[in-house]
Amino acid sequence: MADRAAVPQAPELTARRRSGLPRAASPAVVLAMLAIATLAAVVLFMTLDLRGNLGYVLPRRAVKVAAMLLVAVAVGLSTLMFQTVTANRILTPSIMGFDSLYLFIQTALVFAVGGSTLATAPVVGKFAAEVLLMVLFSGLLYRWLFTGGARSLHLMLLVGIVLGTLFRGGSSLLQRLMDPSEYIILQDLFFASFNQVDPALLWASAAVVGAIAAAAWRLRHTLDVLALGRDTAVNLGVDHRRVVSWVLLMCSVLVAVSTALVGPVTFFGLLVVSLGYQLCREYSHRWLLPIVGLLGAVALIGGQLVLEQVFGFDTALSIIIEFAGGILFLFLLLKGSLK
Amino acid sequence: MIRLSGVCKSYGTARVVDQVSAEIPSEGVTSIIGPNGAGKSTLLSLISRLQPMDAGSVAVGGLDVAATGSRELARTMAILRQENHLTMRLKVRDLVAFGRFPHSGGRPTAEDRGHIEYALEQLDLLTLADRFVDELSGGQRQRAFIAMVLAQDTGYLLLDEPLNNLDMKHSVEMMRLLRRLADELGKTVVVVIHDINFASCYSDTILAMRGGRLLHQGTPGQIMQPEVLREVYDIDIRIEEIDGNRIGVYFA
Amino acid sequence: MAISAVNRPAAADAASPSAAGRSDAHRAAVREAVLLALAGGGTAILAAASMFVGVSDVSLPALLSGSQDAWDIFWISRVPRTLAVILAGTAVAVAGLIMQLMVRNRFVEPSTVGTVESATLGILVVTVLAPAAPLLAKMGIASGFALAGTALFLAVLRRLPARNTLLVPLVGIMLGGVIASVTTFFAYRFDLLQTLNNWMIGDFSGVLRGRYELLWIVAGLTVLGYIAADRFTVAGMGADFTTNLGMNYKAIMRLGLTLVALISAVVVTTVGAVPFLGLVVPNIVSLIFGDNLRRAVPWTAVFGAGFVLGCDILGRTIRYPYEVPVGMVMSVLGAVIFLFLLLRGRKARG
C-alpha cells in the first residue's frame, strides 16, 4: 500500500521541474514568424544599399537570393530526413561525407572526360550526369554502410568523417594530376559561390528541389513513424528498407543540388535542424519540414546580409558556420546524445 | 495459428535459431522460455519479420511473413522488442496513436481515437497521457509502448520480455491483461519471458528453447516438471503446487 | 576448489621458462633484429631511390663522372630532402605512437586531436603579428599553441561521458576542425589563405640545404620518446596505477605532451602537416607484430620513414615533371588505411 502511494511522486517531481522551462510557442506561430522573417530577409537583401544600374543589380541579387533559398531548403530537408531515417540527432549527410563525394564526382568527371569537353557541354546536362553518378555512388556506399553488420553510431560517424577527408583529398589529388592549364580554366567549376550561379542551373535545381520537397511532404506521416526506430517502424507496417533507400536517394539528390550551387557547407544542416527541433514543440514532420526549410532560409540570407552589411565581409559565412557547427557538434558529443 | 517450419538463423558461424518447427495455437497465451542465448528473442524477431530468416517459413494467421506486404502484416500482428529508444520528445498519447498508423496512415479517425483511449485505459496510462515519454520511469515507458501495440488492434500480439522494468504489481497486471486479451477478445499472445512461474501461471502453452533448438512444447503442466526444466536450464528446480498453479522453486 | 583450479596453470606457466624456453626467446629476438635490419635496409633503398628522383638529371653515372652540376643538386637538394623526409616520417610516426600510449586509444595522433591545427594557428598568429620573426621563434610560438591545443583535448577528454574508443578520435577531429575554422577565418581576413596551405599540406619540394636543419631537433625528440616509451604505457593506465608504481604521473604526461607538441610544431613549420601518418604506421606495426612496446618503437620509426619516403617518391613520379605534395598523397592513402582499420574492427566485433 505504501508502495502504491509512493509511485506517483517521482514523475510528478520531474513534471514540475520540466514545467519550469519556458513553453515554446505553438508550431503554427513559429512557422508564421519564420515566414515573416524569411520574407523580411529577402526584401532587405534585395533592396538595401541599392545603387547603380537597377536593371543589372536587381537580377543579380535575385539569382543570389534564389540560390540561397534553394540551398537552405535542400540542406535543411536532407538533414532532417537523414536524421529521421537513421533515428538520431547528430548524423547529417555532410558529416557523412555526401557533399565531399559530390565534389569528388565533379572532379573525377572533369578528369575522365577532360576539361575542355566539359566546359563546352550544356550546364544542365553536366549537372544531370553528376547527380546521376552521385545517386549511384552514394546509394551503393551508404546502403553498404547502413545495412552492414553492427551499426554503431560512433563507427558510422567516424567512417563518414574519414570518407569526407578521403573524398576531399582525392579531389585535390586529381586536380593536381590534371594539366595545370586545364585546371585553371576549371577552377570556377570547383569553387562555386552564390555570386556566380548559372541561371539555367538555378531553374533545374528549383525543379528538382520542388519535386523532392513535395515528395517529402507526402511522406510526412511515414517519416514520423520512421523516427521511432527501425523495429517499431517495421512493426507498424512500413517497408523499412524500401522507404529508407528512397529517402537516402532524395537526400543524395538534395546534397548534389546544394553542393553544385555553393560547394560544401558541412555543419549548416546540423545547426538548422538542431535549432528546428528546439523551436518546434510538436514532434511531427508536418511542422518540422516547413520550419526547418524556412529556418535555413532565414539563417543563410540573414547571415549573409549581416556579414555583408554590418561587417563588410563577403564569403566568410561558410567559415563561421563551420566554427559554430563544430562547437555544436562537440557539445552534442559531450552531452552524450549518442546512443 | 502461427506455423513455423524449419526456421533457421545464423550470425556468422553461430547458429542462433536451429531448425525450429512448431504450431502456436490461436486464441491463447503462449510463452517462450529458456536460458540466456537460447534464441527466444531471435525467434520472435523472425516470426515478426523484424529480421529475415536464413531458412524455413513462418505463417501467421495463414499469411506467409516473407511474402506478405508489411502493411497487411502490421494489421495482423504487432511486435514489441525489449529495448525501445526514442530520439524525439513525444507525448504518451501521440506515441500510442502511432499504433493506428497501419490502419489510418497518420490521419486518425474517430474509430482510431477509440482504440487509443482504450489502450491508454487498459495500461493505466490515462493520467500520464499528456506527459512526455522521456519523462516517464522505465516501467511507465514500457507500458506506453505496450499500449501502442495494443492500439494496433491485431489478432496476434508478440511481446519480447514485456515484464522488463515492471515492478511486481505491474507485472501481475500485465499478465492479467494479456490473459484477458486472449480470453475476452480472442487474441493470440506470444511472450518471451524469463520468469518460469509467470509462464506457468498465465500461459496455455509453453515453448522451451535451448541453444537455438526447440526442446519441448506443451501445457504448463507438461513443461513444469523437474526433469524437463533440468534439461532446459541445467539446474534442479523443485515444483510445488500452490492454488492449482505449478511453481518452480529454484532460489536455494 | 574453483580458485585453486584457476591458479594452477598460471603457477605452472610462471615456473616453466626453462633453458629451452629462454633459448627460443633468444632466437626470436635474433630473428626480429634481422627482420628489423631488413626493413631498415628496405628503407635505405627507398632513401637511395629518393636521391635520384627529380626533374634535374642526377644519375649515378653523372655523379661518378664528377659532374659539378649533378653534385651540387645532390648536396643542395636531394640529400637534404631525403633527410628531411626520414626525420619527419620517423618523428611523426613515433609522436603518434606516444599519443596512443598516453590516451590508450588506437585512433589518436597529432592530426586527429587538434595538435597540428593548433600549431598551424600558432604560425598564423606569428605571421600576422610579427612577420619578420625568425623561424625558430615561429616554431616556439607554434609549439606553445600545439601544447595548449593538445592540453585542451585532454581536458575535454576527461569530461567525456563514456570513454568510447571511437568517441575519442571523433571529439579530437571536431576540436581540430573548430580550431582550423578559426585559423581559416583569420587567414581569410588577412589574405593569407594561400600561405596557410603551405603548412596544412606537407610538401618536401621546397627543402634545400640551409632550410631544413631545424628538423634535426625532432631527431633528438624522437630518441627521447624512445627512451621514455615505457613510461607512457604506464601513464596510459591511469594516475593511480602510475603512482602505485612509484612514478610521477603528471611529470610523465607533461613530458609526453611536450614531445608530441614540439614534434608536430617543428614538422608543420618546416615541411607542413603529414596527416594520418602517426595513426597509420603504429597501427600497421601492431597489426603485424602485436602490442609490444619495446619492439613497437623502432619498427614504428623505420616504417614511418619508409612510408613517407614511398609517398614522397610517388608524389614526385605520378605526375612527372610536376610534383604532388606528399601531404595530399598521405591524406588519400592515410584515409583509406584508416577506414580499413575502422571497418576491420567492425568485422572482428561481429
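Here the chain labels run A, B and C in written order, and each chain numbers its own residues starting at 1.
Here is the rule we use: a contact is a pair of C-beta atoms (placed from the backbone, for glycine too) under 8 Å apart; a residue touches a chain by one contact, two chains touch by 3 or more.
Because the structure is predicted, anything quoted here is derived from the model rather than measured.
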{"item": "Between subunit B and subunit C, the fewest steps along chains that touch one another", "value": "2"}
{"item": "Chain occupying the most central position, where position means C-alpha average", "value": "A"}
{"item": "Result of counting contacting C-beta pairs for A-B and A-C, higher pair", "value": "A-C"}
{"item": "Averaged-CA centre spacing for the pair subunit C and subunit B, given as whole angstrom", "value": "54"}
{"item": "Whole-Å separation of chain centres (CA-atom averages), subunit A against subunit C", "value": "35"}
{"item": "Between subunit B and subunit A, distance of the C-alpha-averaged centres to the nearest whole Å", "value": "40"}
{"item": "Multi-partner residues of subunit C (each touching 2 or more other chains)", "value": "350"}
{"item": "Interfacial residue positions of subunit B with respect to subunit A in the complex", "value": "48-50, 69-75, 78-81, 84-90, 94, 98-99, 101-102, 105-107, 128, 131-132, 135-137, 140, 148-149, 152, 167, 169"}
{"item": "Touching residues (chain side subunit C, partner subunit A) in the complex", "value": "107, 156, 159-162, 164-167, 169-171, 173-175, 177-178, 181-182, 184-185, 188-189, 275, 318-319, 322, 324-325, 328-329, 331-332, 335-336, 338-339, 342-343, 345-347, 349-350"}
{"item": "Interface residues, subunit A side, partner subunit B - complex", "value": "3-4, 10-11, 14-15, 18, 87-89, 220-222, 224-225, 227-232, 234-240, 277, 283, 339"}
{"item": "Complex interface listing, subunit A residues touching subunit C", "value": "148-150, 152, 154-155, 157-159, 161-163, 165-166, 168-170, 172-173, 176-177, 180, 315-316, 319-320, 322-323, 326-327, 329-330, 333-336, 338"}
